[in-house]
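Chain naming follows the written order as A, B and C, and within any one chain the residues start at number 1.
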Amino acid sequence: MRTHTDYISITTAERCEIRDITAEVDRIVAVAKVDDGLALVSAMHITASIFINDHESGLWSDIMTWLEELAPAKADYHHHRTGEDNADAHLKRMLLGHQVTLPITKGKLDLGPWERVHYGEFDGQRPKRVIVKVFGGP
Amino acid sequence: MRTHTDYISITTAERCEIRDITAEVDRIVAVAKVDDGLALVSAMHITASIFINDHESGLWSDIMTWLEELAPAKADYHHHRTGEDNADAHLKRMLLGHQVTLPITKGKLDLGPWERVHYGEFDGQRPKRVIVKVFGGP
Amino acid sequence: MRTHTDYISITTAERCEIRDITAEVDRIVAVAKVDDGLALVSAMHITASIFINDHESGLWSDIMTWLEELAPAKADYHHHRTGEDNADAHLKRMLLGHQVTLPITKGKLDLGPWERVHYGEFDGQRPKRVIVKVFGGP
């Protein structure tokens, strides 16, 4: 059994942003030299998401509008009594999820035709980390 | 360490449908001959879900009504500028999640008394695939 | 490859409650003596969640208020025709998710600075189980 761990560092230009990170994950899986296994991709910060969906900018815009409707930025969250202003980011990240486990078959990510791995940022403009842990048989 | 990979193909009769796939996953786990490990069950299409909940048709109906309230089908999604009409399906699938990782203990799925694995389809009536990757010690 | 499985039993004082279970998971990981691997933490009951977020009581209160808005307790769910009264709990648990997979590096949970593992109960006051399955190389 082989394991390989790496970290992706992301600093977004905007406070809220969606980014396709499939190519970065592919590169880490290639280095791992695992023929059959799994790759865990997990946001290490609690205001960011990892999710799988379509790489289509219209859909990304729809996702952001929809998250704002379901988990709006507003002043009166209890969390803000601590001095924070990002309670909505904590909620938005949970709607999309914070991690995915990707199957690896014959040395490559075994994804469906439109599956792409995305990073969703809801309180960005500062460095955040994503862990990628690859696990399997050589 | 042993791995075993199989794919379940599903074509639903309805555009939106919930189906219990626990028996199919059980069969794949039996073939894998893994005594202690994990089974990843993951939808390979971006308008379908895999989730664990109760096998109860009233609840399935409640889930569908609820998803329609939180992520309604409507014309004015940006995603529809590409010619698609299924942006709501992309959103609904994220509310339920697209994958589960099931523990295997003593050769069998180690689930609670009412835990059943479900496939949720939100843009069906065409073949979709679910990957099942089993992983563990013999 | 090494595996180790344990179960956490939780009986909450309130019907709905959030509890930080990171210390319990840490103890199980320490017993597993896995240097590099994964820990699956999964609720075995279908009205409870496992999720990662901030250990901050104001945020916990915000999460409960928000879940009540998105998946309200009410009488007219179809699920209640079976004699149950907890359809909202089945829905709430899906918004937060029911499991997480935690990376283990150098024998310890490899979490970001504010990541804490939480149990979310939505129909409690009776014993519920959480499985923790640790998996990896010694």
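As a convention for this text, contacts are C-beta pairs under 8 Å (C-beta built on N, C-alpha and C of every residue); 3 or more make two chains touch, one makes a residue touch a chain.
Source: prediction; values computed, not measured.
At the chain A-chain B interface, residue numbers used by both copies make up under half of all numbers present, so the two copies contact each other through mostly different positions. Note on chain B versus chain C: their Cα superposition corresponds to a rotation of 120 degrees, in steps of 5. Rounded to whole angstrom units, the spacing between the C-alpha centres of chain A and chain B is 20. The set of chain B residues touching two or more other chains comprises 1, 70, 95, 97, 101.
Those residues of chain B that touch chain A in the complex are listed here as 1, 3, 5, 40, 42-46, 70-71, 77-82, 87, 90-91, 94-95, 97-99, 101, 129, 131, 133, 135.
Chain C contributes residues 1, 36-38, 51-54, 56-59, 61-63, 66, 70, 95-97, 100-101, 103, 105, 110-115, 136-137 to its touches with chain A in the complex.
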